[in-house]
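There are two complexes below, and they share subunit A, which is joined by subunit B in the first and by subunit C in the second.
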Partner chain A sequence: MKSVVFDKKFYPYCLVGQTVGLSELLRGVDGREVLQREVGTLTAVLSEWDDKKVELTRENVLRHDAVVRQVLEEATPLPFRFGHLVTAHQLESYVESKSETLQSKLQHLHNCVEMSVKIIWNREAELASQTPETEAMQKVGRGAAFLMSKQAEFQAEQSSSSEVAAIASWLKSRTSGLVRDELVVLRPAEKLVVSASFLVERSSLAAYKNRTALFDEERSDLHFLTSGPWPPYSFSNNELEFKTHLGVS
Partner chain B sequence: MELSPENPLSAEPEIDTSHAQEFVEELRRVGDTLPSRINIDPDSVEQGLAKLVLTLIEFIRRLLEKQAVKRMEGGDLSPEQIEELGLALMKLEEKLHDLKTQFGLSEEDLNLDLGPIGRLI
Partner chain C sequence: MNLLVHGPPITSRAINKRLVAIMSSPFDQITIDGESNFEESDISLLETLDHVLNRGLVIAGEITISVADIDLIFIGLNVLVSSVEKANEVLRERDRLTSEG
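Our next item is the complex of A and B:
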């Protein structure tokens, strides 16, 4: 394994605590060779890059994902999202200045994968039955009726938020004890009301899957999409540190 | 169980749902997989900027509506004031609707993904 040459540009896939065995046949974004380089106390998985930008194509996105997934087979990576370009100096300086945070993130993610649960809650019938036009509205002017309809709308939104929060609490209670960390996004105004990411230890993966397999039976009022294992993108946030260089407007 | 070259994890992700089509449609709609970006293509910069500006106006408009409803519920407005405020907000909503149509934007377009915090509206 070589140390990084200072003025070169790289396309980074992920950071990892140790070197991993990558297939020689593995090709990265734009069909480039995938390398492992020491950067401070970590190992960066990257490709050398000589262009100004990265083309955002389906194939390139899949190649980025394939590299990170191959690393995941052996170790838990801190993945970068698609589209970053860095110089060796930027990468060195990033790892050096964030060394403690990155080590602590790696520790937090150690031996874990990301599992996802998305929930659709169909409320079309319920929403259709909410008739904003009431008798009181017919007795007042257009302006007052407008405000009254807004009042009814806000009350419905508030009630919807509480119900979606209750769904999220149920989900958290059902995965409790099987996950190390969780990120749950609520969208009460959408059909897709909950998007949750769970950080699951590899040793708990089978138990986690057995638990989520029961969701359809337990909550027939909801539609579930469960997926994973994924690299822990939601729990690493490496993309916040670098600008992306996507070849798109 | 530790990961190692001798003990690798099968990292091929599984996706399980009985409602695949519904999720595909919904995920496409909310743009869940990629954060929304302002389009700075020279040919459509106007629409990209309009989207950003109108999103902020929409956000403020909704705040004004909530404030007005609170004041109405608090009983500190006369019936005439409620009528005037309601008409003003109604016209603002209509005007914004016209501007959206002018720039070819839908209601779903007027939002910003704030990452871990969620969406602006």
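Our next item is the complex of A and C:
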């Protein structure tokens, strides 16, 4: 394994605790060769890069995922989000400054995969019944009508939030004991009300799948989209999150 | 209805025109046919986009994809919701016709 050469640009796919066996046929983003480089105490899986940007195409996104998936077959990776270009120096600085956190995260994720559950709740009829009476609003002044409308909106939001929280609690209770960690995002204002990621040990995967297969029968009022196993994309960055003002999580 | 997507996402299926639109068009150019139904591979791709573009390690200042691209993924998931609802309607209708027959 070669040492990192400074000032060259790289496209990183993931960090991993040890060198893994990658197929010689494996090609990364833009069809580039996939390499492994020591970075501090970790190994970075990456491609050399000589362009200024990475094209966001379907093919490139799938290739990024394919590389991380191949690493997942043998080890537990910390995947990078698509679209990074870094110099070796930047990568080394990052790993060095976050060394303890990255090691601890690798330990936490060890021998686990990510499973995803999205819940869609169609409640258009319910929401329609919660809209304010337009007739009553017409009888009052514009200011009062506006306040009535806002109050109705607020009440609907509160009601929706508590119902979605109850759905999330149910989901957590049904996966309890089978997952090492979980990230559950609630979106009461949307149809896709719950987006959950579960960290599941490989040995518990069959039991987890059996459990989620029962969701349909237990909650016929909801639609479920379950997927996985994924590399632990959602659990790689919790404490390392680069906060932006872009609404990106 | 349970749309179950297991295993590696698609790698060699023919490119779906609607998904090409999602991946390459600006927000206001995306039009979705209300009658269209997404296949499992389409949903799998949307899930892949959600994971690969929205999650994972980020080195501050080095991400190269733009905000608009991330918004496109959000659009993709909304499309997914619409398609699931549509599929559910079709299933309900099929059940109704079966019971009547």
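FYI, the second predicted complex is superposed on the first by the 230 of 249 C-alpha atoms of A that agree within 3 Å, B and C clash if a C-alpha of one lies under 4 Å from a C-alpha of the other, contacts with A are read in each partner's own complex, and residues count from 1 in each chain.
Quick note on the criterion: contacts are C-beta pairs under 8 Å (C-beta built on N, C-alpha and C of every residue); 3 or more make two chains touch, one makes a residue touch a chain.
Note that the structure is predicted; figures quoted are calculated from it, not measured.
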Subunit B versus subunit C as contact partner of A:L225, first or second or both or neither: both
First, second, both or neither for A:D216, with subunit B first and subunit C second: both
Partner chain in contact with A:T57 - subunit B first, subunit C second, else both or neither: second
Which superposed partner A:Q151 touches (first subunit B, second subunit C, both, neither): first
Partner chain(s) touched by A:R142 [first = subunit B, second = subunit C, both, neither]: first
Touched partner set for A:Q90, first subunit B, second subunit C, both or neither: second
Touching partner for A:L192 - first (subunit B), second (subunit C), both, neither: both
First (subunit B), second (subunit C), both or neither touched by A:L78: second
Shared subunit A contacts, counted only where both subunit B and subunit C touch the same residue: 69, 120, 190-192, 213, 216, 223-231, 249
Residues on subunit B engaged by subunit A in the complex (per definition of touch): 1-5, 8-20, 22-23, 26-27, 30, 32, 39-41, 44, 65-66, 68-69, 72-73, 79, 82-90, 116, 118-119
Residues of subunit C touching subunit A in the complex: 1-6, 8-11, 15, 19-20, 23-24, 43-45, 47-49, 51-65, 67, 69-70, 77-78, 80-81, 84-85, 88
Partner subunit B, residues of subunit A touching it in the complex: 20-21, 69-70, 72-76, 111, 113, 118, 120, 140-147, 150-151, 154, 183, 185-187, 190-192, 195, 202-203, 212-213, 216, 223-231, 249
Subunit C partner contacts - residues on subunit A that touch it in the complex: 14-15, 53-54, 56-58, 61-62, 64-66, 69, 78-86, 90-91, 94, 114, 116, 120, 122, 190-192, 209, 213, 215-216, 223-231, 233-234, 236-237, 240-242, 246, 248-249
